[in-house]
Structure formats: C-alpha cells, structure tokens
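In what follows, structures are represented as structure tokens.
The following pair of complexes shares a single chain, chain A, combined with chain B in the former and chain C in the latter.
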Partner chain A sequence: MIGAVDRPPRPSLLRARAGEAAIFALPLVIFLFLLYAMLGWTFYTSVSNWQGTAANYSFGGLKWYRLMFSLDRFWVDIGNNLRWITIGVVPTVVAAVLLAYLLEIGTIKGVEPYLRTLILYPAAMSFIVTGTIWSWMYQPDRGVLNTILRGVGLGSIASGYTTDPDSATYWLILIFVWQYLGMSVLIVQASLRTAELQEMVESATLDGASRLRTLLHIIVPNIRGGLLVVVSLLLISALKVFDIVYVVTFGGPGYATDVLALHMLIATFQQHLVALGAGLAMVIFVLAFVIIIPYTIYALQRWFD
Partner chain B sequence: MRKNLPLRILVLATVVVVSVVYILPVYVMVLTSLKTPLEITQRQYLVPTSSLQFGNYTTALRLVWPSLVNSSIIAVTVTAVSVFLGGLGGYFLSRFRWRISKVLFVLLAIALYLPYQALLIPLVQIVNKLHLALSHAGLILGYLILNVPLASILMATFFFSVPRELEESAEVDGASRLQIFFRIVSVVALPGYASAAILVFISVWNEFLLALTMSSPYTTTVQVKLTEIKGSYVALYNLQMAAALITVLVPLTFFLLLGKYFIRGILAGALKG
Partner chain C sequence: MRGAARTSVVVLVLIAVIVAAALGYVAGTRRMSSQQPTEARRLEIFHWWTAGGEREAADAMLKAFKDKYPDVEVVENPVAGGGGVSHRVVLQARLSAGVPPDTWQTLGGAELKSYVDGGNLVPLDELFTELKLADAIPKPLANAVTINGHPYVVPLNMHIQNILYYNQKLFAELKLQPPTTVDELITVAKAIKAAKPNMSPLGLGSKEKWGAAFVLDSILLELGGPEYYVRLYKGEVDVKTDATYKAALEKLRDLAPYIYQFHAGLTWDESVGLVVSGDSAMVIMGTWAIGYFKSRNWTPGTDFGAVTFPQKPDRILLFHPDTYGIAKGAPHARTAMDWLRVVGSQELQVPTDVTQGGLFARLDIDPAKFPDPIRQELQNYVRSNPGKLILDQHGSIAPFSFTQAYWDVIAAFTAKPDVAGTINKVAELFTTFKVKEEAAWYTWP
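And then the complex of A and B:
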C-alpha cells in the first residue's frame, strides 16, 4: 500500500498534503465536534438544577441522579430494558444463524431469494408503521390474532397481549424480533460465505461430521466477527428502543412497559424535569457505550490491519 | 435423494412458517385499509369482499399529505448533504491513514451508535436560540449530526475497494487530490453513493424520536402524523392502515427496486464499519 506513511515527503509536499487532507476531513470533524459538544452539554445539564421550562445551568451536583435511583419507575425501566436486550437479542441471533445455515445447506431452487426478501422487507419500514400494524394484530377485542384464534375454535387461548401488564413487554419485544430477523440473517449469511469457511465445511462433511456438529464446532466459532456485529447491532437497537413502546402502549398499562428512552422523553418534555431527563439520557449513553466497546475494538483492528 | 428428505421437509416447513409470519401482517393491513368501519367491527376483514373502499386512501392521503411534503424535504436535503460531506470524510478515512485518522475512526464508531436521546436537550435549545423551531432547518441539522458520520463510514468502505492505481496514474499526470476525488474516485464509487443515499434516506424517513420532539405544525413528519392519526382515530383501523401503507410506500419502493444497493449498504455499515 502506498500511502502518506511510507513515502518520505519533502516538508512543502507534506504541508500541501495536510491542506488537502483538511478539505476532506473538515466537514466531518465539524459535525463530530458538534456531536460531542452536545453530548457534553447533556452531561452538564444532568448535574445542573434545571427544572421547569426556562433553562437553569446552576450546578446541582448529583441530586438528580439520586432522585432517579430512588424512583420506582427507573427500576421498572431498567428491568424492561434488560428484558429487551436479552429476549430481543438472543432468540433473534439463534434464529438468524439457524435460518442462514438452513438456507445454505438445504435450499431448493428459488427458496433462498424468496425468503430473504420476505424477511428483509420490514427493515425498510419504520417502527411506527410496524407498531401500527401490530397494534391491530394484538387488539384484544376485534384484533387480528384473537379473531383468527376464535375463528378456528381456539378462543380459549385468546390473549390480552399488550394490555396484560405481566406479558405486555414480551409482546412488544416480539415485534422487534420480527422486524430485525431479516437484517440479522443477511449479516450472518454474508459472514458464512467466505472461501475459507466453505472449505472447512466441505472437508468436515467429507470426514463424515453431522450437520449439527458442523454448525456448532466449525461454523459458529468461525463467524465470531459476524456474530459480534449482529449482537452489537441488536443490543444497541434494543437498548435504544422507543418508537415501538411509544406507538403500541405508551409505556402502559400503568408504566408496566416503560423503558429508559420513553421515561427520558416524559421527564424532559412533559414533567419538565430537564436535569432528570438529561440524567436518563446519560444512563442510556453509558450503557450503549459499554455495549459497543468490543465492537469498536474489532472494527478498529479490521480497518487498520 | 432419499437422504435429504428430512432436510427438504424442514426447508418447506420453514418456508410455510416464515411466509405466514411475514405475509399475514401485511395482508391484513392491506385488507383492513379497504374496509368500512362496520365490517371491521363485525370482524369481517380477513377475506376481501366486493365493495372495496378505495375512498379510504383519498381520506388518508388528505390527512398525511402536508407531512409527506415535510418528510420529503427533510429526507432529501439530509441525504444529499450527508452523502456529499460523507464522501469527503470517507475519502479522508480511506486514504489518509495517519494516527489522527485512527482517533477520528474511534470517535466515529461511537458516534454511529450514539442514542439520539443524548443530543435531544441541547438540540432543542440550539434550535430555539436560532429561531429555527418552525422551519425544517432544525430537524435537518439534527439529522445531519448523526448521518454525516454514518455516510462517512459507509463511503470509506466503498472507497477502499476503488483500486489505487487509478489515482496514482492521475497523480503522475499532475491532477490534484480534489480533481482525483471528484473526477475519478467518486465516479467509480457511484454505486457506493447510491447505497449510502438509500440507507440515509430510509433512516431519516423512518426516524421518530427527533421528529416528535421537534414537531411543529410546519414540520410534522409522516411518522409523527401517523401516530397522531392512530391517537385521534382510535377506532378507525381502516384509516390507520391506509395511512400506514402510504407512509411505508416510499421506503418500500426503494427496497423493492433498489434492494441490491440497500443490502450492500447494510452490509458495508455492519461488517466493515
């Protein structure tokens, strides 16, 4: 690779190159600067005294964090967000790996493009649209699922879905899984299709390894990179989840399905506890930051090898 | 082929299950959107009947039209600017491999997954201070802050696959970096620009949190409008579904016609970035 690093340039040439580089990098740097400045601003707001509609940046220390940790609603949020990032992610990844593998080994002509398009189209839709559709599916009285169940004589297992406080969050998570499965399959498929892996699978098959063994002992360990990407992507999306909850239940019944992101919006713009809202935003940010550390290290290695 | 019989059955079973799970919601959505409220109350929306209510779409379209215009203005502007600036930034990341590029890359990787919540409060403040609250500019600024980094990473991955020999020979001929970038690299990477543009467009079109927070009568986007319709026409599922279908028409058309670029964009963002 011939780059700036390995060519020893004359000083004037170096200055010229720095000038050129600045033209390319400057817009990006400006936007990144804005972004991190705003992040710092949010953090500062979270340790200020700001409540009410007028901005108040006098220093308030950690009192809003103390209030946050004392709120029952905050711990409901944490519980629900944990449900989202476990139940929203693990089954999706497992299903995506199985589906991708099945499409590799057992595909009948035409099945693969059909299924891939079918499960991927929700990726182009917004959570608001999927939420609207699924609200209709879940509607307990006239909704689609219960109407079908009653129609085939299974009315006894008709459910309240998102109106039942105990299971509502799980029904919401199901929408998320439905929407993200296609994208997960797509990424797993791409990491399955490397030449090295295909060779390993071939020789394992010649050695008489069963398909399940091949999947568990050869494929899964060798698509670690792709899996890390899928898992990180899903974890972050599940952590940030807001739209689905907003449109389907708005956190209800009560605040049984509330999540950090919705609480942040309500605290900031409805209760006007802006410092508390900023604190909730910082909690979401810190959790997201922790989640993407392994991914960032991996991506960095791939880029600068 | 007897050995493969169980496998074939498994594949066919998968096809059936996946088909039902992914077609049913859309099937019901389309049929419901063509029904009268009475038919819906009587739970007669699972099979088509002779009197399809296409008028529902006229009503729904009248409701969402201003927000369709808003969403289009915002999404097109953000896409154009992000992809242009992202092209410049991506070229820097892919060709100027200095230590500072590494720092920039880490800052970018974090920025890509930054929750919008972390920017919301300052953004509202800035937009109010600049008196942009009633214009599209506030939302456009907000979206640019997250989409310029995204487009930069995407474009960088596409520029990596542009052969350097092209640039070297142009350099020998005395072309400047900017000329090389605009006349050669960008032209070769045009499909990459298409992928980045589709991805940015769809994500802006579908974004909700920012659009909701900064919503004003003049800037309501189509997603926000859809939740308003859902809230104020609670029992009118036919209108809700018609409006939802209109909302999804634009991104879905992109997906069906330009799916190849969409998929490449997702993979570029996911695997390399």
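And then the complex of A and C:
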C-alpha cells in the first residue's frame, strides 16, 4: 500500500474520486444555497413594499431603512445589543478562565466533578425555563432576592430589578452570564488538559512561578483555541438574544430592554410591517458580520501561527 | 478495502436521508391536497383561547357548532398566548404561504382591516342579509366589522375596556364610594394609601404594554370627551400642541405614585391578581377580568364591584369584538359559512360569552342570561344606548402598526413619567405610521 501513493492514480479510481467528491459536495451546495438564498430573499424583502398580511414584492427602495433609523426604539435596540455583546461576553470569559483554573489546581480535587456538574447545570436548561426561574428570583415583592435582602436587614438595597427602566437590561444580562458560565468553564477546562500545557505548567511550577503568573503567562496564551470557541459562541448567542428578553420583560418597561430580535418579531407579526422586520434582520446580520468575522479571522491566524 | 466500505456506508446513509426527505415531502403535500378536491365536512379553525376560562369558552363555542352540525370534523389549531401574539405569527406564515385556515379569530377594527387590506377575507354581505345581522347588533359594532362598505366577519361578543374593578369589602370598611372621575380616583387612592400604607391603591400590569394605555384612555375620555377621543385616534389632533393630551399625561403622572410600582413585570391577569391578593384595591381592566376573578373564587357584587370609568362627561363604553370570517380560498368554504351562521346565533353566543367574560353581540339576547349583576347592567345599558360604544385599544381605530408602538411609549411613560418627551414621541408616531390616512375608514357615531 505504501508504494501505491507515488503511482499516478488509475482512471477508474479518478472517476470514483469524482463521484465521492460530488456526494460530499452536494450537502454543502444545498446548505449554501439555502443559507444565501434566504439571506438574499430577506434583503430583497427589506427593500420591498411588503406591509400587511399579503406578500408585496414591488420595489420600495430604502424607505424602511429610513423609517428604522428614525425610530427611537431602534437606537435603544442598538444600545442594548451592544450592552449584551460586551457585558454578556467579557465577564463570562474572564470568570470561566478563573473558575476553570481554580477547579484544575483545586486542593479539593474530590469535589471537583460534583462542582463542575453544578456549574454546568444551567446550560442544560432552555432559556424559557431560566427566564421563568429568574423572574421568580427578581420579582420585587415576593421574589427570592428581595426576600433574602429584607430578611437579613438589607431591605434598603432591595431593587426593582427588571422593572426598573435604568438597570433592567443589566439584570437580564446577568441571567445570560449565569446560563453560559458553565459551558464556558467546560470548554476552557478541556483545553487546559492538553499534555503539552500540563508539562509547561509543571515546569513553570518547578521554576517557582506563582499561580497567577502561570495563569497569565502560560495558560492564557496557550488556550487560544478554546478561548476562540468560547468567545465566538458567546458573541453569537449574545447578539441574537431573544428568549430571555421575551420571557422576562417582553422588552419592557416600555421598550427599555428591547433588542433587535424582539423588535423584528413585533414589527413583522404585530405591526404587520414585514419589510421593516426584514430590514431589522439585515441589521442583525450586518452586526454579526462586522463583529464576528474579523474576530474569527484574527483568532484563526494566531491559532495557526 | 476498509475505506471503500466506509464510503459505501456513507453513501447508503445519504441515500436513506434523501429518500426519507422525499417521502416526508410527498406525505406532507398529500395530506394537504387531500383536503381540497371534494369539499369534506371539515373546518380548520385558528383561535387563541387557551388560558383558564378561555379554554372552557372555546369548548362551549365548538360544542354549539357540533350540536348543529354533528357531521363536521373540526380541526382546531389553537395557539397559546393572550391577545393573539403568537397566534398572529403562525397565522401570518399560513396567509403569506397561501394555505389559510378556513376561519380564524380576529378582533374587529384595525386588525380586521389589515386582513381585508391583505385580501385574506371574503365579504359577507349576503350572509348579513340572510341572518339580518345588521339589525341584531349595535350600530357601532356593525361599523367595526365593516370595511369599505362590506361586512367581513361575524362578531360573537363585545368586550368593554374601561371598567374599574374594586375590592368591595375594603371600600365598605373604609366607607369609600367607587370613583367616577379621575380626581375622585386620586382622592380615593389617597384615602386607601392613608389607611393601608403597604397597599398600592391602583393595580396595573404593563408587561403586555396595553395595560398602561387603558388607564390613559380613561383619562383622555374624561378630559376630552368622546368626540375628542375618536378624533385623537383618527389622527386629527395635533398632539404636539394639544392642551388636552398634555393635561391627560399630567393627570397620569399625578396618579403614578398610587399605581403598583413594579407593573412592568406583570401581565394583565397578574395585575387583576393584585386586587385578589390585597396588594391593590382597584384595577382598570376589560370585561374579561370577570372570568379571572371568578377563577379565584371572588364573587361579583360581594367580593368585588365594577363601574365603568369614567362616567363623566358621558358614560362611554370602549369596546372591541372577537370575530370570525372566511378565508379567501378557504378549503372548506361551505362548512365555514355554516360555522359563521352558528357564530352569529344565540345558541353559540350565550354559552360562550357567559363563560369567557364579554357581552353578547346580539342585542335580542336577554341580559338576565348573565349570572353576574355587572354584565346584566352593562348589557342593559348597551341595549338602550347602543350609540355609546366606541372602539377601544384592542379594536383600535388607529392602524395596528401605530397602536403597538403607542402602547410601548405609554408603558414607558408609566415607568418613568416624562410629559414633554412622551408628547414628542407620540406626535412622531402619529405621522410615522400615517394614522390620519389609515384610520379614515372609521366613523362614529
């Protein structure tokens, strides 16, 4: 078999290869077609005149984008989406690295598997469930958090949480962090366990490096692959966030916690402004493109270096 | 050899997947097309009555139909979610795809107009003549289901929006009279707050957004009167410079300290629940709240009372109907027509409306059929004053695109009262969504 590699392949084998290639390329072609045809369709809808229940594909130009940019609600959405992708992602990643490291070096090795399961649990729940649970936690009158605060005599710092227009979005983001932390820890931990990294950490420890130094200078630079996965996943999830907002506040108070995806639903199906909804979908797409693609390219380049 | 075996396994799996997909597609289309050729006695119906109390009403409604036409197979397609939020997502998808259900629930007014504008419904002039419906229902209700001169749906009830429910025992204990004006409401609220400092006198839930607009509507109705109310939502008032609108917002701001503080987290039923749990003493909510009170074992007339609010300068009832029409291209148009005959009849309206909480659409039904004094009195009032009905927030005089955005702005106002900013935003919504053009269809009285 070893010599066979050097000989030019026989024609019949070539034909078999071509058939194989076609079979494997087919799903890809179908997938790409579906993806980009839908994208093109959405874009076209956003410049059409579709308003109401009947499809109307006559060309309307950029009037829906002009309307969108004139809406106060749209700019609230943009602000909130930016909050989600910064406050939702950065603390989660930092906390995940710290927690993973603590679990790894922990002197409490025996409880580590249980602790990990505990941290991972939230990720196993759907956002609808998490949203409902946290609604009970946040409920200002009889909710868990305020009841505990009042119970220990800290009633003065009890808050309205998601019913306070100024801070509501941050409380929603906290739910997201809670939900995704476990999964992020798991991915970071997996990348900590490569043999090379273990060896490096060992020699660093032998050289007398402190644990913090080891973390910052040895571990973090060497788990770029894991971090890439975590950051990308979190960015995408934070950008398309919908369920938490829908369940807990429905965009309220007023539209203080509204996000692009919820606005898209309201515009399309409640207001029957389908073209405006498609336009909002395009904005989400462009945001994803602008934020995620450059990051992926950057991270991949450094990964392969 | 091993590589080739693996390849053939992959190929086999791929073929299996493709065959399965093709079979699934064929099965799907066969099921749909089998409904078309001969008109089977079948009725596919979309509605959103799935919550407690409403589910029972839907059962009563379909039972009335089954009693009359036992041979029809009813395919129910209920979509959960109050006020039809999720319902509209599914319905819109079916309508855009050109596979409509035979009939679906819609509110009269602006929502109905969006279906008529989309060409989704057939006009029902003949049916209305056949059933003499125009004589049986109040004129404003007939107007709410008539677009461009043609009736498009048959109403089965009328819900009244501007009703103030109050804790009757507490009012007796504090020797209070139910308020009839906004100033009286504030006075009563002050008295309650003084006697029960832990209470928020007026309950409110603005998670679904429209709750806040209900309160503002009552204030507008008092400060401006009915003609003003209609002109406002027809887009004929310049909100930016209008003194009445500003005064109404200021009143709502004055009322705010007596409103349940965390209303942004509550849905309508939870806001009514505040009265039952003793967190609040009053709530402004539509007639559907009666069903909720009953489900919590509160008896009308002893545990809670209800008055239309406001009662000055005129006792106006803001209303909207639940209605059904026939889809253009409905697979079972003839059965759907039979269904609408039942919808318009006493036999369906009595059991359904008594359970669900609205008033009867037909004025020839005896008000005594209602078990509670509240609706008996309301139905009697409508019978002798049919002209006092005006479309409410749900029925909506203004187009739906405007109304949805308007609710958000008013809900935001109750969370953080900013009169000048809100006036600007509301004025902008009126022009952005072309209310004046889109609401021109509505006439009152």
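Worth pointing out:
Convention: the second predicted complex is superposed on the first by the 266 of 305 C-alpha atoms of A that agree within 3 Å, B and C clash if a C-alpha of one lies under 4 Å from a C-alpha of the other, contacts with A are read in each partner's own complex, and residues count from 1 in each chain.
Note that a contact is a pair of C-beta atoms (placed from the backbone, for glycine too) under 8 Å apart; a residue touches a chain by one contact, two chains touch by 3 or more.
Model, not experiment: these values are computed from the prediction.
In the superposition on chain A, A:265 contacts both chain B and chain C.
By the touch criterion defined above, A:55 lies against chain B and chain C together after alignment on the C-alpha atoms of chain A.
Using the contact criterion defined above for the overlaid structures, shared-chain residue A:69 touches neither chain B nor chain C, since it reaches no partner. Of the two partner chains placed by the overlay, chain B and chain C both lie in contact with A:20. In the superposed model, A:135 makes contact with both chain B and chain C.
Counting the residues of chain A that each partner touches, chain B and chain C differ, and the larger count belongs to B.
Residue overlap on chain A between its contacts with chain B in one complex and with chain C in the other: 20, 23, 27, 55, 135, 139, 265, 268-269, 274. On chain A, the positions that touch chain C within their shared complex are 20, 23, 26-27, 51-55, 67, 70-73, 135, 138-141, 160, 162-163, 165, 168, 249-256, 258, 265-266, 268-274.
For chain B in complex with chain A, the touching residues are 4, 7-8, 10-12, 14-15, 18-19, 21-26, 28-29, 32, 40-41, 43, 46, 85-86, 88-89, 91-92, 95-98, 102, 104-111, 113-123, 125, 144-146, 148-149, 152, 164, 168, 176-178, 181, 202, 205-209, 212-213, 223, 226-227, 230, 237, 240-241, 244, 247-248, 251-252, 254-256, 259, 262-263, 266-267, 270-273. Touching chain A in their complex are the following residues of chain C: 7, 10-11, 14, 85, 88-89, 92, 95-96, 114-115, 117-120, 206-209, 261-265, 279, 400-401, 404-405, 408-409, 411-416, 425, 428, 432.
Here chain A touches chain B in the complex through residues 1-5, 17, 20-21, 23-25, 27-29, 31-32, 34-39, 41-42, 45, 55, 99, 102, 105-108, 111, 114-115, 117-130, 132-137, 139, 142, 144, 147-148, 151, 178, 183, 186-187, 190-191, 225-226, 229-230, 232-233, 236, 239-240, 242-243, 246-247, 261, 264-265, 268-269, 274, 277-278, 280-282, 284-285, 288-289, 291-292, 295-296, 299-300, 302-304, going by the rule given at the top.
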